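Before anything else, here is the set of structures, which you'll find just below.
The two complexes that follow have chain A in common; it is paired with chain B in the first and with chain C in the second.
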Partner chain A sequence: MSFLQQKSKIIDWMKKNLFGSWINAIITCLFAIIIIFIAKAVLKFIFVTAKWDVIPANLKILMVGQYTASEVWRVWLSLSVAVFLLGVLWGVKRGVIKTVSFTIVAIFAIILLLPFTSIATKIWAAVQILLTFAGFWMGNKFSFVKRYHLAGWLISVPVILILLNGVGNMKDVNSNLWGGFLLTVLIAVVDIVFSFPLGILLALGRRSKLVVVRWFSIIYIEVIRGVPLITVLFAAQLLLPLFLGNGLELNNVLRVMIGFTLFNAAYVAETVRGGMQIIPQGQYEAAQALGLNYVQRMTFVIMPQALRSVVPALVGSVIEVFKDTSLVAIVSLMDLLGIAKRVVANPQFLGRQMEVFLFVAAIFFVICTVMSKISKHMEISSSYGKN
Partner chain B sequence: MGKYLKAKALGKVAMLLVASVLVVTGCSSSTEQGDTSNASGGKTQSSESILQKVKARGKVYIGCDTVLPGFGFLETDGSYSGFDIEIGKAFAAAILGDPDAAEMKPVTGQTRFTALQTGEIDILSRATTMSITRDTTLGIRFLPTDFYDGQGIMVQKSKNVKTFKDLDGMRIGVEQGTTTEKNVTTKLAAVGAKANIVVFENQDSIVSAYEAGSIDAWTSDKSGLVSRLAGMSKQDDHVILEETLSKEPLTPAIKAGDDEWFNVTRWTVYALMQAEELGITQANVEEMLKSDDPSIRSFLGAEGDLGKNLGLSNDWVVNLIKGVGNYGEIYERTLGKGSAFKLDRGLNALWTDGGLMYSPPFN
Partner chain C sequence: MNRKTTTPLWKNKKVIPIILQAAFLVVLILLAVFFISNASRGLQKIGIKLGFDFLNSTAGFSIDDRLIDYTPSDNFGRALLVGLFNTLKVGLVGIVISGILGLFIGIGRLSSNWLVKKITGGYVEIIRNTPLLIQIFILYFAVFLPFPHIERNINFKNIIFFSNRGTAIPWFTANQSSGIWLIFLLIGLAAAVVFWKVMLKKQVESGKSMHPMLWSLGVVLIAVIAAYAVTSSPPVQLSLPEINKLAFKGGYVLSSEFASILCGLFIYHSAFIAEIVRAGIMAVPKGQIEATKALGMKKGATMRLVILPQAFRVIIPSVTSQFLNLFKNSTLAIAVGYTDLFSIGNTIINQTGQSIQIMILMASIYLIVSLVISFLMNCFNNYYKLVER
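Entry: the complex of A and B
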């Protein structure tokens, strides 16, 4: 019965919205035909024409680039740390993190079930799934985990970077061997982790009473915002070695990370400044009246309110950073897109650009969708906080 | 009180001005110093040459292309492969005795010359056309040309095109931002044909448009045409015209101003050709060392001091050939019979076979 009701509801909806007048009906039919044609061509390509063997053959370099094959376990281990922390976060916070965790678990389950992945990969994927749930359990159960899980995130970034680079007896894997999806994620993460504090400092600087500090912040922010990211990347890639001279050799990856961080900091600064401006003057004065000094005023009164109000904008900039990382392909770094371009140049796989680029697009789509989901959720929860 | 504040603010502004002046002068003086120290650095560099730096480092930095089929690309295991890569390895084999001592640094068309000038790379081996403008204005030196290419045209066989004149009115695809478009229009105008140029963003889109039949012909470097043909589904339906539109001598390059480095790298390229001429291959180089032929003996360093004069060990040619083989072997492995492209030697044959590969004598 309910099914029939639902069916009639759908028919009603279609009558109202798709076939309301004869013009609507014509437009509906026209677009239906166009959509069917496109869908047919796309599906035919995906399931018949496309030769997908190019993806499994190049999966390793698409994921980690030229990272030494015998040391790939370090990438997995780093991933385990991140996944475990995510599980803890899920246990502590619930809400949207649950969706994110399930997405991650689903991705690893797919890796586990795909026929062409190696045994080692399957074992590692299974470990990731277990760790997610272990993290959830611990985050749920132990209160000290709840208290310190944020510190875990902060510590994990340098730990992972050191682990990837190699320390002590481990084989040294220079960062110019990092590539593929690994490099994309690393650039995005390093950028976000370092540009946020820098951006907050710049925002404070721009509103500072000290003339030198204020003007430095204003000039920095305006100059950086006045040039495109590609220019900053080219400058970081080509001019930095000129300035540094012969003594110091910074490798490409580090230079690009510096460029990204400096660039994004200016944008974060403006967003945070926007957040500070909507805080009524009374808050500043009240904090002052309590006898708090500048650092205390900013840390305990102004920033918590200012940051909360700009969370959606900040998450938006995170998504932007993640997508912008593909620009490093222009300065011939091998991020996910850069590797895809090189795979296509392999004579063995000539003419397979569609398959490879579709795969890359799918990865970007999934990750950006998950992030915008988080952003939407944060928007709602932060507006609840205000009411 | 207000006056005091004003004075304070004025003082601050004054301080800011002084500070900025200091910063500016500091910068300019430091850049001047930088310049002079660079200039003197350039002088001292000739005493502490690139060759010594490379030897101390134990690695040669090679700037290469990694997105050009046949010349430079990434294998599925993450290693580089291709003609330009092998040439880069040849330098490492000759100078350091180990082809794997070449560290490949991918450079793009925009970054390649700056990378040479800043010393990020020691040698540029990346499908770069030698021309007088580049040679005289960029502060670089070109080595001997290692691949003679030229712009060609691929056309569908059904169109029955024999010469450029037959291309009149046909739709020809070209790549955006290259000199190919200008070359096509001027060449076709010269023979009285009218070109119908269609501009594409990159080669991938040209090829898919060409295969779908929406353009009749497309143009690019001949080696590029051949490598693309190898990837097409119906290879017999297409033909590459014999005629050539432009000269593209693809040549490795180094930074100008270091004659020792110039000699070492230049004669390494020549040694590859000379080895082929003398019939020395990766397989028989050990036997050849026992040869009685004096020219072979001195070439391989069994006699004389050819290597020492360059600043290398006398067995540098032996290391070179053991590491990567002679020019012909490299060519056949990456572009010729041993590859997917089956490219003819053509102009890249030895001069004894009617090509342009000619090494000055090693004596």
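Entry: the complex of A and C
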């Protein structure tokens, strides 16, 4: 009986959603045929044709590039710092961070369970999982952690950079050797961290009453937004050494980071400006009436409100930045995609382009999907406040 | 005692802004001087002169993909022009295809058909969350390049050929009667529009069905018959591709480079446009759709006459920026070796070392084209803007 009921329910659902009218039925059949063909081809490739052994054979180089093999523990340690901080954030904020933490734990669990990863990798992956939960526990339990956890993020960036580069007795690993996924993440993080304050300054400049500052900001923002990112990256590679002269020697990675930051600052500025524009004039006037000066008005009244309203948009731009980092492969940096290109060019792995690039695409896909979920969640929760 | 209270200089509301701006200007100028002096010293050291004279010297490299005549003995300026045309080609074709594809996918995401909704949704999610450059690499290195050598090409009923030299598709070639056909067709179309308007007006006034669509179709048909009667030949010849001595003959050959950059661009940006279209359609108030139902309008007519015109107002500004992004992203062509403006510029930098001038040239050309595109889209926007009565 219940089976029959269920069956009729399914038929009803299909009638409504797939075969509502004869046009609908034709469309359904057409799409079904197309999707079956595609699915068949994709599944056949993934499970039959593809030779996935190229991925484990190159996993180290894809992840950290030419980073000295004996020093890879420093990368893991840096990761631990970030993961621990994320756990703390989860303990303090809950909400969407929970999903993020679980995704990260799941990724490490997969690494732990994969057959081809080394023992050291497995141990490190287990440590990351434990640290996530330890962070959660601490963030949940101690109030001083709750108060200062944001400072932890700020400190972590230079700490991680120093750790990766080597300090004191540690072996020096030049940033020229950083590569793979590590470099992708580093470029993205450095870009976001530095372009954010620069973008806020530009947004303030664009709305400033000082004519010179305003015009400078407008021209800067519009020119940067009008040219492709690749031009800026090439300019950073080719022109920066020329302009800075011989006194300042910058390596490839730093130059690209500067180019990225200068580029992205213009986009951040426009987003922040959008947030400033929706703040009612009364707020400015009230702040002025309280006798606050310009800096106080902006830092304590305008910016907190403006930034809060554009946080989802900023997360969206973080996704764009993360995807854009793949462009550094064109200026011959060995980021994740650059390494992938090199692996493909290796005669030992001839004809494995699809496998390698799909693997890289999958990494980007997982990270970007998680971030876009965060952004969507924030949009919804910020719109609750308005009602 | 008559003491005049004067505000000190550092608190004077009129003086402070001037001082601040002057300080800002001084810093800017100092920076500029620092940069320029460094650059000129560096250029002197390697013996490169500024100026655009080098554009007149012989290029010496060949370009396979081109729309205008070019030989290696032409100068750099000509090579850049070839690149500009290539950029415009990939940009314009990409904009048209991604716009149309994005519109349909966006509508598909709101379809009542569950399967269509899920498939379009999956497409958008997958494409939006992976970098464009990886998609282009997959298309170029894993799809178009591994096609077999031209001798062992994969062909589809001898109509479409796939090989590592490129993809050949059937194309049309003009003959001597094409001009006459064009004139007749233009006249026919213009007459059709007039007939359609007149008949529609009559239909609205009289309330009787006057079949404006049939009328205008008939007018076009008459024009076609007349043109055939005059020229007694079809307007264009269909040219099928064939293989002749390891090269394609006839048809239209899309080089692997062009095909992968074009496919990459329109696949990536159509997903973004689909999201914009979806948001735009969802922004149309529900009452509008209910009103069309109450009036007894058909589904297609509702979409065409009520929903899309209103949605376009929301859609156009965002789609404009997507088109601009597509145009700017066409510079990724350099990654697969398609000879667009940027990759030719890069070749010239490698040959001559004139990096500053080429970079300035590139930036200004991309800026100008971006401005033109946004100007055109603004005109379109004004056309669709809400008319206040």
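The working rule: the second predicted complex is superposed on the first by the 375 of 387 C-alpha atoms of A that agree within 3 Å, B and C clash if a C-alpha of one lies under 4 Å from a C-alpha of the other, contacts with A are read in each partner's own complex, and residues count from 1 in each chain.
Definition applied: a residue touches a chain if its C-beta (ideal position, glycine included) is under 8 Å from a C-beta of that chain, and two chains touch if they have at least 3 such contacts.
All of these numbers come straight from a predicted model, not from anything done at the bench.
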Item to check | Clash or fit (per the criteria above) of chain B with chain C on chain A | outcome: clash
Next on the checklist: Touch test for A:Asn58: chain B only (first), chain C only (second), both, or neither?
Outcome noted: first
Checklist entry - So, A:Arg255: does it touch chain B (first), chain C (second), both, or neither? => result neither
Next on the checklist: So in the superposed three-chain picture, is A:Trp215 touching just chain B, just chain C, both, or none of them (first/second/both/neither)?
Outcome noted: first
Next on the checklist: Per the contact definition in the header, classify A:Ser332: touching chain B only (first), chain C only (second), both, or neither.
Outcome noted: first
Next on the checklist: Once chain A of both complexes is superposed, is A:Arg273 in touch with chain B (first), chain C (second), both, or neither?
Outcome noted: neither
Item to check | chain B versus chain C, judged by how many residues of chain A each one touches | outcome: C
Next on the checklist: For A:Val343, using the defined touch cut-off, is the partner it touches chain B, chain C, both, or neither? Pick first, second, both or neither.
Outcome noted: first
Next on the checklist: Tell me the contact category for A:Gln66 with respect to chain B and chain C: first, second, both or neither.
Outcome noted: first
Checklist entry - Of the partners chain B and chain C, which touch A:Arg74 in the superposed model: first, second, both, neither? => result neither
Checklist entry - Looking at the overlay, does A:Arg206 come into contact with chain B only (first), chain C only (second), both, or neither? => result neither
Checklist entry - Which of these chain C stretches, 7-15, 151-159, 313-321 or 367-375, gets into chain B when the structures are overlaid? => result 151-159
Item to check | Contacts on chain A seen with chain B and repeated with chain C across the two complexes | outcome: 211-212, 234, 238, 241-242, 245-246, 330, 341, 344, 351, 353
Checklist outcome for this item: Touching chain A in the complex, chain B uses residues 9, 12-13, 15-16, 19, 34, 38, 41, 66-70, 72-79, 105-108, 110-111, 114-115, 118-120, 204, 207, 227-228, 230-232, 339-341
Checklist outcome for this item: Counting only contacts in the complex, chain C reaches chain A at residues 17, 20-21, 24-25, 28, 35, 38-39, 41-43, 112-116, 119, 125-126, 128-135, 137-138, 141-142, 145-146, 328-329, 331-332, 334-335, 342, 346, 349, 355-356, 359, 362-363, 366-367, 370-371
Checklist entry - If you look only at chain A, which of its residues touch chain B in the complex? => result 57-58, 60-61, 65-67, 69, 176, 211-212, 215, 234, 237-238, 241-242, 245-246, 252, 330-334, 339, 341-348, 350-351, 353
Checklist outcome for this item: So, in the complex, the side of chain A touching chain C is made of residues 17-18, 20, 24, 27-28, 31-32, 35, 209-213, 216, 223, 226-231, 234-235, 238-239, 241-246, 319, 323-324, 326-327, 329-330, 337, 340-341, 344, 351, 353-354, 357-358, 360-361, 364-365, 368-369, 372
